[in-house]
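Labels for the chains are A, B, C and D, by order of writing; each one numbers its residues from 1.
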Amino acid sequence: MNSQIVTFLIQCPDQKGLVAKITSFFFERGFNILSCQQYVNALENTYFMRIRLNTEGSDISKSNLEEEFLTLANPLEFKWSVNYGDEIQNVAIMVSHTSHNLYDLLERSKEGGLNCNVKLVISNHNKLRYVAEMFNIPFYHLPISKETKLQQEAQVRDLLEANNIDLIIMARYMQVLSSGFINDYQGRIINIHHSSLPAFQGANPYERAYQRGVKLIGATAHYATEDLDKGPIIDQDVKHVNHESTTKTLKRIGADTEKLVLARAVKYHLNNQIIVSGNRAIVFPETGE
Amino acid sequence: MNSQIVTFLIQCPDQKGLVAKITSFFFERGFNILSCQQYVNALENTYFMRIRLNTEGSDISKSNLEEEFLTLANPLEFKWSVNYGDEIQNVAIMVSHTSHNLYDLLERSKEGGLNCNVKLVISNHNKLRYVAEMFNIPFYHLPISKETKLQQEAQVRDLLEANNIDLIIMARYMQVLSSGFINDYQGRIINIHHSSLPAFQGANPYERAYQRGVKLIGATAHYATEDLDKGPIIDQDVKHVNHESTTKTLKRIGADTEKLVLARAVKYHLNNQIIVSGNRAIVFPETGE
Amino acid sequence: MNSQIVTFLIQCPDQKGLVAKITSFFFERGFNILSCQQYVNALENTYFMRIRLNTEGSDISKSNLEEEFLTLANPLEFKWSVNYGDEIQNVAIMVSHTSHNLYDLLERSKEGGLNCNVKLVISNHNKLRYVAEMFNIPFYHLPISKETKLQQEAQVRDLLEANNIDLIIMARYMQVLSSGFINDYQGRIINIHHSSLPAFQGANPYERAYQRGVKLIGATAHYATEDLDKGPIIDQDVKHVNHESTTKTLKRIGADTEKLVLARAVKYHLNNQIIVSGNRAIVFPETGE
Amino acid sequence: MNSQIVTFLIQCPDQKGLVAKITSFFFERGFNILSCQQYVNALENTYFMRIRLNTEGSDISKSNLEEEFLTLANPLEFKWSVNYGDEIQNVAIMVSHTSHNLYDLLERSKEGGLNCNVKLVISNHNKLRYVAEMFNIPFYHLPISKETKLQQEAQVRDLLEANNIDLIIMARYMQVLSSGFINDYQGRIINIHHSSLPAFQGANPYERAYQRGVKLIGATAHYATEDLDKGPIIDQDVKHVNHESTTKTLKRIGADTEKLVLARAVKYHLNNQIIVSGNRAIVFPETGE
């Protein structure tokens, strides 16, 4: 392999010696370990590691590396994945009417803030076509109705497959995806919900927040699961509001939080910082990278 | 009246001329208006004012002032209250096992951070007696069981009446008060809930937050109402947490937020900054006071 | 006047009766007062008011209104301004190499988040032309060198005058403006500084923040004054960072704060929420508007 | 050794294989690695590790462990320390007039929030004696004047030595310690400064913050060094303020931040989470501990 940064994500039953065994495995093969982050869930007796390697100077092939790694991984019951950092991920963004997250993601992607190729934007409305066009990203208008829901979803899936999409970002896409769809893209759909979950799950969170008279308004980025708004939370944040804040004000203040939270979550995902375990997302912090 | 600061809190149907009429009323009587804060709820067509006056140099009596004010208030359908700032409010603190809010309130009260007399601490356990004693505050241990609930509450009420209590602070009192009790002290019971409501209403919010894998942990101070954890929110705040945060960690991080949020809410109340309207608390900010 | 929202900003020596006199003035002329915000600086004995009126149903002309207002304003020594809300302000954005604030301002302006006409973008480099073009905003490349500084500034001033610019936003424009320029646009130039002032005034704040080992990184929006980075602060904010944060990381994290802080400051200015007094900016909060 | 948690803190020149070598060293001796945190400063080519071990089941003595560890440490040029978690640290708190940090530290210490023995409180004034007495902590009043500065410091040092003090907390002690004193307790004096450094170094930060018209007010906990207010920053935080905030308000809002920031910094220190390198404090986050 040429000089590049390889990231392994590992989860397994906890036991003595894991960090020594794993780091020795890579050291013996001449890799420089750039960072090695661990998390032990003592309640569930599980172990998690994110390890980043500089492979400069090693001439092992990917397939040999993975074959050898299995001799370590199998006896220790690893669930693992590896990212060689040599392929930029393909991303699809799904939207409905609201433009702020779309602008934000397209700008970051264009300016190098998100390491991905946004291949297309899909919407059930035509309203935001101009935004995609400003950034020269193909825009697909696929209207949806109760009757055409499954057909529309089939069209979406065709587009995703044709574009080799690795990650789907629901950037205020106001439609519920079918279980089948979500299961086929398990761990690869990130949704932004416009409340600090589990508060205000479901529809119209800003209006309900106004009605409840809250003093904080927030947003949550999470992996989509069958159970709506109950998937593993990647990031969330809030801002202070007060009695003067109408629903409209809450939407405006919330929009800025939605942008930051979704962009951070997408960055964590693209940067291989996340391991999902059950309904929890272990999000390792960046390490000066 | 001697020189002192008088605060009027007013709510009424909105209409033209309110601020001019109210401020002229006080100006004509020689008062200096220190601050005049308004809020118009356009949805409900209601108007709210907090007005602070320096009565120095005026020789009108309280009863005359109130009588004259009625000639303004009645035709305009004011609901109003006045605080002359000459009586420090009497406060009762109710606790169970957890000491951090109790320490915090007693310290602030002792050191001048909360303008009130903490007259007594009531608990269904004896555990925190030593804290009250450190601050020389009478401590009453009134145990409670399913069978004795109403009797215990009667004892509590006797103590509150005997001490002329104006405000009850539920500083992690882990018992549900009866509807009768709450109604008799409507708008005068502040509770701290250890989550950012409406998330995790009810019992064990920290454990449920851990289970849900949240990335924020918070606290909410609200007026107690019959509907548990659904009263008007006075203040709330959160802190960032991560996958390393166990339930124990969440409790520790949350405790600091609980302290700040409850102390702020109590200060707003004692300082006559709050008007409750339906299920919403209008909390006027301090004005350099 | 047709139905519209008029905002008066007033500062004057403090004295009894100001709010009553001012609000009565408007009430007697049939205006509905939408909000009336005050601030008294007791140290300096000065009074500040922001008052918003709905002029629906009044047939007074602007010139008559202002003439009559002078009969109130002159004896009370008001410094005042009025905005009739019928003219959208013209804005010029000045940039150098960094794109994030430019994108953010253009997007907000285009999508209705900032109530202004961005008439042009001026830069001492050609690098960000494509961003202006994406939003169809004229871009002027006016290079600068030590020798050409005054000539370039003259060109800038010509462009500002030709476009009737009301507000200049220095959105990471890395040049010091001359005193003459700043004085001619006093109170109409908003700059974003990439630190939480007064920390790290001057050049390279992110590098110096890294060197100092700070745990917070911030940004400050302020009015430009002759004394660099010492003008009245409109808004500022910070984010937590840690030892892993390199200068590059600080720049990335700081960029998001810069965007939010500058956009809020511009909104406060456009929305007539700010009164400058000496080196302090009184920023009245929005009132549900 | 009986079952206990041992923490090693290590810094050394960066090179390949460090994590593998260190973790293998402990694994081969039968220790369970509870957490292993690293940081590489690529600019300075330095490596930092915090590693926590459960020594249950190992019968190696401390001296043998350290002797063996040297065979690893010396060739790799480690600067290192080890904490066996079997001795609670002795703490001295120094104060002047301001009580909030003192209350906070004493409460946390008493209630188990800080794992230390507060052995004494030293003050140049007698004012806060009652606070120490509430918590049954010896209080020493050692007045200071220009003439008696060195004598007073000698008295302080006698008390510190007599009480085997490991950590000195300057909880708003308004005196500058001599260079000699600071050098003898290098890395063992934590100070709270009432601003977000490097803003408002030196005296009267709240007054200067008011004068500057800031919109944020903060606090910084740092190790004391000869260069006043320039020591390695452990933690810092801020709160939003506005034009209504007088110096008195800033003090009140800042006090809450001072309490949280100092308590966190002390906890990080007591919990062996900090490695100082030059003027930077590497603060490893807690790992579910």
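Just so it is clear, contacts are C-beta pairs under 8 Å (C-beta built on N, C-alpha and C of every residue); 3 or more make two chains touch, one makes a residue touch a chain.
Nothing here was measured: the structure is a model prediction, and the numbers come from that model.
For the pairs C-D and A-C, the count of C-beta pairs in contact is higher at C-D.
For chain C, the chain whose average C-alpha position is most distant is D.
Here the CA centre of chain C is 41 Å from the CA centre of chain D.
In terms of their C-alpha centroids, the spacing between chain A and chain C amounts to 36 Å.
Looking at chain A, one finds that residues 39, 42, 244, 246, 287-288 touch two or more other chains. Chain B meets chain A in the complex at residues 39, 42-43, 196-200, 211-216, 218, 232-238, 240, 242-244, 246, 279-283. Only residues 16-21, 23-24, 26-28, 30, 32-40, 42, 287-288 of chain B touch chain C when the two sit together in their complex.
By the touch criterion given at the top, residues 99-100, 103, 107, 111, 113, 134-135, 244-246, 249, 252, 256, 260, 285-288 of chain B touch chain D in their complex.
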